[in-house]
Structure formats: structure tokens, C-alpha cells
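The structure's right below; bear with me while I get my questions together.
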Amino acid sequence: MTNMLDQVFVLLKHRIVGLVPMPVQPILGAVLSVVAILAVFPGLFAISVLLERKGLGRMQNRIGPNRVGPLGVLQPVADGIKALIKEDLVPYSADHVVHFLAPVVLVVVVFMGYAVLPMGRNMTFVPMDAGLLFYFAMGASAELSIFMAGWSSRNKYSLLGAMRAVAQMISYEVPLLLSSVVIVMMTGSLSLDKIVEVQNQYTWGLPHWFVFTPMGFAAFVMFAIAATAETNRSPFDLPEGESELVAGYFTEYSGFKFAEFFLGEYVAMLSISGLGATLFLGGWSAPLEILNVVPSWFWFFAKIMVWICFYIWMRGTFPRLRQDQLMNFAWKFVLPMTLLNLLVAGLWRFMGEGWLRWVVCSAILLAAYVLGGRIGMRSKKFGPRSYRYAE
Amino acid sequence: MGLGERSFDVAVDPELKIELGKQGIFVTTIQELYNWGRKSSVWPMQFGLACCAIEMIATTMARYDLARFGAEVFRPSPRQADLMIVSGTVTKKMAPQVVRLYNQMAEPRYVIAMGACAISGGPFKQGYNVLKGIDRYIPVDVHIPGCPPRPEALLQAFMTLQKKIDEQSLTGENRPRYLNVDAPGEFPVPEQGEHDLVPASNPNVWTVPVVIR
Amino acid sequence: MLGEGLLKGLGETARNFAGSFVSKERLTTVQYPEEREPLPEASRAFPFLVYDGADWEAGLRCVACQICEKECPPKCIYIEKSKDKKPDYVGKPQIYPAKFDIDISVCMSCQICVEVCPFEAIKMDNQFELATDDRFGGLLYDRKELARSNEYYHKIHPTEAAEVDARLAEEKAKAEEKAKAVAAAAAAKAAPAMAAKPAEGAQPQ
Amino acid sequence: MSESLLEAWNRPPTIEVDGEGELLEVAMGPHHPSTHGVFRMDVVLDGERVIKLKPVFGYLHRNHEQIGQTVGYLQMMPYTDRLDYFCSLTNNWAYALAVEKLVGQAVPERAEYIRVILAELTRIQNHASTIGFLTQEMGASGTPLMYAFREREKILDLFESLTGSRMMCNYMRFGGCRVDMTEAHLNAARKIVTGLPRFIDEFENLLTSNEILMARSQGMGVLKPDLAVNAGITGPMLRASGVNYDIRKVDHYGIYDRFSFRVPLGEHGDIYDRYMVRVLEMRESLKILEQALKDIPAGPFIDPKAKIRGFKPKPGEAYGRIEAPKGELGFYLISDGGTSPYRFRIRPPSFINLTVLEDMCIGQNVADVVVVFGSVDIVLGEVDR
Amino acid sequence: MKTVEEIKTAIETAVSGAQLEIVPNGSPSAEHSLLVDAAHAFAAAKFLRDDAELKLDFLSNVTGVDWLDKETTEKVKVTRPVEKEVNGVKTMVDETVEETKKTVTPGYLEAVYHLYSMAKKHGPVILRMRTGNRSDKVELPSLTPIWRAAEFQEREVFDLFGIIFTGHPDLRRILMWDGFKDYPMRRDYVDPDDYEYEPTAHDDVLKRAQAHLAATTTEAAQ
């Protein structure tokens, strides 16, 4: 029964595919997968937007949307309808073709990433051996669309925003990759399915997630930071930093194209959360052995949503960094830390089983973090201050 | 961008509709869906002028929470905004910018003139640099008197606007302005002359009743 | 340590998030159209004209003295005096406003008209839900739209209205006393005159 | 004027532009979302670095001074509310002070206490909102601002129940106040004052040690004390540069000499110092409030003999100034013996504090310009009048 | 702090040739001010800032004031020879006649500076400068090189009153737009005619509104 529920989507797909003649079956299978992704993730997009608006509201002592539909659940639907009927303005001097293509490219590219994510047991749509590489290749193409948007708008703010976005995304691509390399080192595979399989084991009922190892945890933190920057989320949401740059690279977009950017951004966020969950949080594996009765796909989506909630929480709390600080942080702190983490991962392999490697690896990472943080703060001359008074 | 004279409405008897609704069947028309989408997702432009802007900010804050209506998404870019809340005194130096911003907004767009100054120049109307009401240049949907109006008054105006949107039909006399092919989409931006704005008002949107004293 | 302040901040927002489900202090939203905070008594929006009795036109306290028109800082009041007179609340014949317009699209709710009015005729309303799409018709209030009964005044500003009523009653009593005194004096004067009258009348023309 | 004379004058530093980089001219404003209100900055950028910045004013020039010369003395009072629309009560006080100085009107003791209580409450809500807006400029999605406004609403509730209006109080009169502050109002004020320290702690928890805020604000927008004095900077901005000048302490206007409070001073004169000086000032204001609410005497709230309207001061002039939350707010009145002043001049702290905006921004990143601008704490109603 | 008289003598000794005058203040505040001639104002101001005892390092406020041409009518008794017939003989007789005499004192623009000391915490010292007239001689020396605080305020005075501050580094309009031609704070300024809708007009506004109505109706009739 449990197994049945776990594999319900897989079985359903097989059943439907079985209805058509043999030669068409692979095509239909692909179409079904695509349709499933296109149905599920925009839905999740709507849910996360609503969650964000309500969650932010609660953090700020208010209620958030609650008028449109029961408890405000229809708010994203209304926003969607509004975006559809909104007039589509294209600036007179803009490059019309590129201006039109930019959001399309973004949406296509971010959806491609889902092809390799294992969303449950046997639920990877394209089980690729080099899945991780494919994912990063797709993630990097999103930058293209952002630059297209900024350049084609012929607006200073858009161009500045796009340039910032591209610089930022390229800078954080490096730590993003390097922190994932740790996982590749530990599993010896680039296949995301393999990575999940390795984590889907239990000792005393507790899972073997990589986040519970020292360098796995460090890589997880670095990955989370880099992923936030990669998806332009607060506190790294400079490209759309509204207080300086109006609305960043999509300043000149209106109507449905703007909605596409919005969609693309959130879907990218969901997908990178999915990747993070796959790499560090065991993908679709249950957090406790006894919880394996719950279907695997539930765990995958639950982990994504938890990740999204964390994003929202950060957005509600932090101011944003400045461009050069962001770059400094990427190149001078996150990158060295990830490189060190690679060394530690090697050390871990080398030291063999036993408690000693836990102590040594943790100590190295912790010392590096504390020291690096302190040196960084001192070199930039910032820190807490005391004040004097005049009577 | 007119939709022509053909009616999209599917006539449904209102009583029948309520009856169906009781049984869990909801009937809707394109027009209703259209208006519902428009009115439920009005994103204001992040744009404040004077004192009233503070009350506008207060409206979005925890106590009054404009977000309940789904309108907390203050868009900094006019392209993505639906509603311009003219919150405060429009000076003659600022008026061309306001009109320009309005021109940059995508249809459907609405304007709320918040506060005495935005409606008529308010207490400052006899000054040399104060425009006597923004409706001299752009069409205003809802006026809120008050100096400044309370946040609740802005919420009430917001609901008035929603009601107004809801009552519009897609065709016929009552259709919104932008669905009328003949209605202007761009409003001329006044120039700053040597003594005053030129022209002093846009006669297409500003016709004054004569008050004889 | 790097990140300490960030964690503290996250803790603070988390506290508010959780608190918003339990404590009223952390969920301060008043859901306006359905729930409303009671307006404080002193709250003011736009002026109205007080009338006594049931007939608004007859009971207007305003005597069209035009002080408020002159003192109004943005000059949003327009008054035309009547040609004839009608009795006021003490019964003295007074001029009344033939026209009393307030342009609430100009009014700055400063309350100075209320302060300067010697007749307690103009007071501040607290009705603020006045949004309208009618620019010219909906925002220029004439005296009919401005007139509110004294009961309404009592309802929105109970303490102040009670004070005003007491003061007016006192004035009225004084005026009546004075009137009585005058009448008595007149009567006293009239008495000898009356006595003299027949004699006068008796005098042949 | 010879060049040698100009030497003494501290012009903003000019910056060498290195390389062949193209200069980018950006007009920030007047509707730019960051400038809370309508204000334009013409910025010349070399990459993202600011090399020139010219503020453009006047988008909210509402002719206050002209109005002040056409309406009577009393009629100007509600207009002063609309100068710095965050702090109407301190504006009222400054204007009342100037007129009282012009006509030689004394103020009863209770009224002075009421004024101090209201002015300090105004200062607290202004500083809290300013910090909220400052973090907004840094990109916090409104959370600190929401918390600030949560407290501000409590203070505004008191203002409304006392004066009748949330923002435009029109409360003070020449020789006192318009209505009395009853025991209920005082209790409400006491309740607010007991609740505020917790709020400030919360605020500080959220912001003071936040690394992002520190990185964004420390060492940014530095203002040197000698330039600050020369450029006539006043208020928290001046004190953040380390100059000890608080008009409450210097002029002892009202009854400020009766309260014990300290003046916090910054050392670096950067954005963080401006932020911290405001936080510490809020705490000092709470001290003043506690003392004032304890000591407030009974008595008349307005001089019964004071003339409120229609008076004609003797020909002459007076300059009255107070320490408004944003700096020195002064009113300069010249009377020619008529019912309205011959010349009515407002000395706006926000406007003059912007004199050094260019100096603070030059060499900074363009993203910091809005933060520096936010740290000045201006209200456009007062800048342009 | 020194009294105004002492400051006056101090300036006179420090700046040779400076002509100073104390402008009395009739109000109870009794803050008398110093009128300094435009030619020596800069040196005097520099002295006030740098003098060790005064150290007026803080310029608080710059105000422009417009004083209109004043037409004073006074009744004067004039004695002049009048031809008179006395007893049929025409003779010149001196006679005192009462005449109304009109004297026009030319107006001027004035800049008022309020100075304080942050170092010594005293003040104010009020400094005034006057232009020659209201039309062509409207130049005054700028004190911006001495106090940066004057930069925007002098620009404002220039914008609204039309005093030209020589030596100001950036004298442009500040509040009104660049193409604006008038000086709106001058007392003889007439604002543009936008009195189409004045439902509560009285006094001056009513006159303007009626004039506007008359103008538009004749325009329509033509």
C-alpha cells in the first residue's frame, strides 16, 4: 500500500503510456513528464508567492492577503488574470525581438533544470549520468536572458540592473559549483539519483544526509548562500534593488512578460531549492527511517517548501548588501571557504572511519570560519561601537 | 485596443445564478472574471508626493494593512503598476512628471487623488507653484477629501475603486475608458513656461462648472 | 562572530511571526471595513453646522456673522447673508445664512472655524468615508448637506456637546432673565404711561 | 570675487577619473522610489562610483512663506503642521515660540510641560520612522519600518485623542496649548513610555549588530565635524559628527533646563553613527518623558490673557528656534504692525542639512547614495516648503 | 557675549572703512541687528567668524526681505511767496500753506543673516545687507565662501527675491524651474491666472475669479 502510494505517479504514467502503440510511447512519456512539470511548478509558484506575502505579513505584525477568495488563496489567480489583461508596453527605442525573447528564454531555461531532479523514488524525468552538470549548464543560461532583458530595454536602470545581475550570478556560480563538488567527491557520481541513493540509508533510524557531516554542513551553508545570490533573493537581491534601480532589469516590462519574469524567478528558486535538498538533505528520502511510510515525493516537496520558507524568513529580516560587498563576499570569503572545504572533504576520505575525523574536520572548518569572519570584519573596519555622551 | 461592439456576456439570469451557486455550481462570464481579476489585484505605484504619502505608507503598515486587498505590491516601475495614488500636493514643477508617469503606465490604469491638495490644490491652492488639482491634466477615478485623509479613508477609497471597476462592463456606454478606441491613451505633458505651466489645463479632461458669485 | 547579528535578527522576526498567532500586540491589524477602532472623541474631519430641533432650516444656530469665513486659513467657506431675519435659539431675531458652502476638497480640517465661532454653530464631524468619483458635485457641501442635528453632535462628541449645551442654556437663561427684566422695566415704564394715556386720550384733538 | 577668497571655502572634493571609462549621467528622481517624496539628484557616475551629485529641489515647493505673509498669525499655525509632516507638534512649538517672542507672551508652566511631553514623543516617533526608512533604503523589505510604525501608531493614537488629528495636530497656541491634557491622556502617555524601551530593544536586536547593516553603514557617508559646523548642519546629523550642540541644552527654551538628560555624540560621523545617535536619543527622550510625566504641575494650560487671534504685534522682528527632531527649526518673523507678518521665514533643518549631501556622496557607490540620503533624515515638505 | 554696540565697534576697528549701523528691533525680543554696507560685508563677516572672542562659526539662517518703494504723504507747512492783492495792490506776501507732500523712499531688497557660535554657544548676531534698489542694483556679496550653510539659502533668496549674490559658486534657481522668469516672493508679484473654479471665493480671490470669468466669457463671445 505504501509502495503503491509512493509510486502512484510512476504507475499512472506507465498506465497511460501503455495505452498507445509502442513507437509513440517514448514521446508520450516525455510529453506527460513535461506536462506534469508545467502543471506542478507554476502551482507551487503560486503557493510560494502567497506564502511569501502572508508570511512576510505575519513577520511584520499584519495579516497579509485575505480578501480574494477564502483566506486570500485566490490572490495569485487574480494576479495572473490581471497580468494577462494588462496592456503590453514595449519602449519605442527597445529592441523588440530581444525584448520579447528575454522572458521566454528565462522561463524555458529554468524549467529545463527540472528534467534531472529526482522528485521521488523512480521519479526522475531524465535520469542522466551527468545530471548535476546539466543542471548547472541550464542555470547558467538564465543569465543570458537577464542580460537580454536589460540590454534590449534601452534604459539605464535596466542595463545597470542586468549588469549587476550577470556579474553577481557568475560570481556565485563558482561557489555554488564548488560546494556541490564536495558531494560529488563523497559519492563519486554526478548522477543526482545516485546522490540520493547514497543518502537514503539509516543508522539508528537517522538518515545519512550529507548535511550531517562537517564538510557537508559547511558546503550546505555555502550552497545556501550561493543559491540565494544565484536566484537574486534578499539579502542578495541587488539586480532588482528597488531603492537604487527602480526595478532592475525588468523595469521596462509590463503585463504578461513581467509576469513571466516573476514566474521564472520563483521557479528558479524552487528548482535550486530542489537541487539543494537533493544534494544535502537527502532528496526524496525521509528524515527518519520510520517515516518512510510517507511517500517519497512528499518529502521532496516538503523540503523544497521548507527551503522556500527560509528564503522568505531571510527576506523579512535582512537589508541588502552592496554590489562590491557582494563580490568581495563571494570571492574573498565564500570561495576560499569552499576551497578549504574541498580539502577537508579529501581529508575526510583519507582519514577513514572513526570519531577522529569528525573532530578534526569540524575543528578545521570552525576555526577557518571564525578566523575568516574576524579578519574580514577587521579589514573592512567594521564592528560594534561604543558612544560617548555630553551632559 | 477596443474589443469592438460584440458582447462577450453570456446572459445568465441572476436568480438562476444564485440558485446554481447554492448547489455548488458557479457560473461566471468573461466580463466578471475580467473585472474580478482587475479589481482583486490592483498594484499601486510606489510614488509619494507629500503629507498624504505618509498616510499612504501608514495604510500599508501593520495597523491598516492594505495587503489584505492584495495591493501591497508597490511597484517602483510605472510599467508594472495599475494604480497611481496621487498622494499630496502636485506642484507646477512636479506636474509634468506626474503626467509623464501616468503616460508610462500600462492599461488598465487607475488614479486616486488622495487628499485636498491632489484634488484641488487644497490649502495651498492660492500659491504660485501649486497646481490646482491633478485632474487638470489626467483623469481621476476616485477623490478622497481630507488633509490628510485617514488611512481608513484610503481603504474606503480603494474599495470604492474596486466597486467602480466591478460595475464597468466590457462593452457599451459603461465600458472603461481604455476600451474606447477613440479615447486618448497619451495625455499631453504640460510645459514649464516663463510664468506658468503651458497649457494651464487639458480641456479634454477638465471641464469646469461655472460658479457665479 | 560573523553572522551573530544576523541570527539575532532572524530570531526577532521569528518571534514576531510566532507572536502574531498568539498575541494581539504582535498582530495589530484592524480589518477595516468590518472591524474599526473607535474614533477618539476629539477626532475631527470636516466641519458641520449644528441645528436645534427637528427642522434643520429653522434650527440652524449659524447667524452668518462670517467670522469663520474670514478666519478660515485656506478660505474654503462661503457665506451669503440672508435679507430677512429669523429667531435664533434664544428667540432673538437674527440673520441666517442664505448660502453656506464648504469646499471640502480644500478644507484642511484645522478646526479654526470651530474655535472662532461665537455661536457654537459650527463643529467638527468625524465622518471620513467620503471618497467619491464626483469631483465637482460631491465635494462642495451646501448648508443642507452640512446641517446635522444637535443629537448627532451629542453622539460624536458627548462631553464637548454637553459643555456647549450647558453654556448655551446658561446664556439663554441669562438672556431670558434680561428679557424679563427688560419686560419688567418696560412694564414699569408702561404703567405710568398707561395711566397717563387715558388722560391723553381724553384730550380732545 | 577673487579665487583666493574661495580657498577658505570647503568645496566638495573633485575626483580624478581614471581610465577611459565613459561617464554615466543618471537623474535619480523626482519620482525615484528611494527619495521618500519628490527630490531629484543629478548624479554623474564613473562605473558605479559617484563623481558628482547635484540635488534638485522645488518639487514640493508649496509657498509656505508666501502664505505666511497673507494669512494671520493664528491661521499660519495649521500650515506649520504641514512643513515637516512627521513632527507637526514640534513645528507648532517653534512657530508658537517665535510669535511669543515677537509679542512678549509668557507661557504657563503646565503648558510648557505639555509641550515638552508632546515634543519628545514626536522626536521618538520621528527617529523610529527615520531608522525604518533608512533600512528600507538599504533594502530591508519593510520589517523595521513596520515595527517603527507599529509604535508610531500608538503615539499617534495619543495625539489624535488629544488634538483631534493623527498627523496635523494644530495644537499649540500663543501662550499655551489649545486644550488641556487630561489625566487620561497623561496615563496613556505613561503607558506608551513604559512600553517603548522594549520596542527600542527589539529594534536594536534586529539592527544594531546586524553585519549587513554594519557593512552598509560604517565608514560610509562620512561628514567631518568642521565641515558640518561650517555648513550649518544641525540635529542628530551634527551630533553624529561629534559636535556637541543641542539647542535644548544651549538655549534652554521652554523648561528643558529642568530635566536631566545627556546628548549622545558620534565619533566617525558616518551613517552608522547617525543611526546610533538616533537610537540613543530615543532613549534619552524617554528619560525626559519620565521626568516630565512625573512632575507635570496643575494649572492653566494657556495664559488666559493671551491673545490668540487678530492681534497686531508692534513693528519689530523675532527669531525663534527649537531643536526639532531633524535639527534646528527656526521661524523668523518681521512684523510691520499688521495682522499678518510682513516677512515670514522658515529655517528648515532638512533643507540646510542637505548642503553637504554632495560631499558625503562623492567617491561612494551609487547604491550608497540613497542610504546616505536616507541617513540625513529629511522631509520634503520642509526642504521645499 | 558682546552687545551689538561692542560688536559694531569691534568690526569698525578690524575692518577699516566699514560703515555699520544698528537697526533697532521694536519687539519685546529686542534682538537688534547690524546693517553692514555691501562693500565691506564680506570682510566684516570673515572677521565675525574668525574673531577669537566672537567665533560665530554657525550661520543659521539667511532671509531675503523685500521692502517696497514707500510713498509717504505728509502734511507740511510750506512758506512761500504768494501774489496777493492787498488793498488793490499786488504784492508778494509770504504765506504758510498746508500742502500734502509725497516723498518716495526707494525700496530695497535685504538679506538677513542669523549667526550663532557653536564653539562658544552664544548668539544670535544678526547681520543685514541692503541692495541699492529693487530693479537694477540688486547685487550683494555672497557669504557662501565663509559659511557653506549659505549656499542653498542664498540660491533660494536669489530664486524668490532676485538678489544677485556675487561670488556665489553656483547661483541658479533652486525652487522654481529654470525657465521661470519672475521673482515670486517679491511683494508686487502677481501669480498666474488659474481661477477657473473658485466655489468659495471671497475678497481678493473673488475679484480674480470674476475677472477670469469675464475674460473667458468675452473670449468665448469673440
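Letters are used for the chains, namely A, B, C, D and E, taken in the order the chains are written, and counting of residues starts over at 1 for each.
The criterion applied here is as follows: contacts are C-beta pairs under 8 Å (C-beta built on N, C-alpha and C of every residue); 3 or more make two chains touch, one makes a residue touch a chain.
The model shown is predicted, which means the values in this text are computed figures rather than measured ones.
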Those chains which touch subunit D and also touch subunit A: B, C
Shortest contact path, subunit B to subunit D, counted in steps: 1
Most remote chain, CA-based centroid, reference being subunit C: A
Centroid-based (C-alpha) most distant chain relative to subunit E: A
Chain whose Cα mean lies nearest the overall Cα mean: D
Contact-richer chain pair (by C-beta pairs counted) among A-C and C-E: A-C
Centre-of-Cα separation between subunit D and subunit C, whole angstrom: 35
Centre distance in Å when subunit D and subunit E are each reduced to the mean of their C-alpha atoms: 29
Cα-centroid distance, subunit B relative to subunit C, in whole angstrom: 33
Subunit B-subunit E separation of Cα centroids, rounded to whole Å: 46
Per-residue multi-chain contacts in subunit D, two or more chains: 33, 58, 61, 63, 66, 78-79, 82, 143, 146-147, 150, 153, 168, 206, 208-214, 384
Set of subunit B residues in contact with two or more other chains: 46, 61-63, 65, 68, 76, 93, 120, 123-124, 126-129, 147, 150, 208-209, 213
Multi-partner residues of subunit A (each touching 2 or more other chains): 59-63, 242, 246, 316-318, 377
In contact (per the touch rule at the top): chain pairs: A-B, A-C, A-D, B-C, B-D, B-E, C-D, C-E, D-E
Residue ranges of subunit D touching subunit E (in the complex, touch as defined): 1, 5-6, 8-11, 57-58, 61, 63, 65-66, 101-104, 227, 229-233, 243, 245, 250, 313-319, 321, 328, 330, 332, 334-335, 342-343, 345, 347, 351-352, 354-356, 384
Residues of subunit C that touch subunit B when the two form their complex: 27-33, 36, 45-46, 73-75, 78, 103-109, 128-136, 138-139
Of subunit B, residues touching subunit E in the complex: 92-93, 120, 126-129, 132, 192-196, 200-201, 208-213
Footprint of subunit C on subunit E - complex, ascending: 197, 199-203, 205
Complex interface listing, subunit E residues touching subunit D: 25-29, 31, 33, 42, 46, 57-61, 63, 65-66, 112, 114, 118-119, 121, 124, 126, 141-142, 144-153, 160, 166-167, 169, 173-177, 184-185
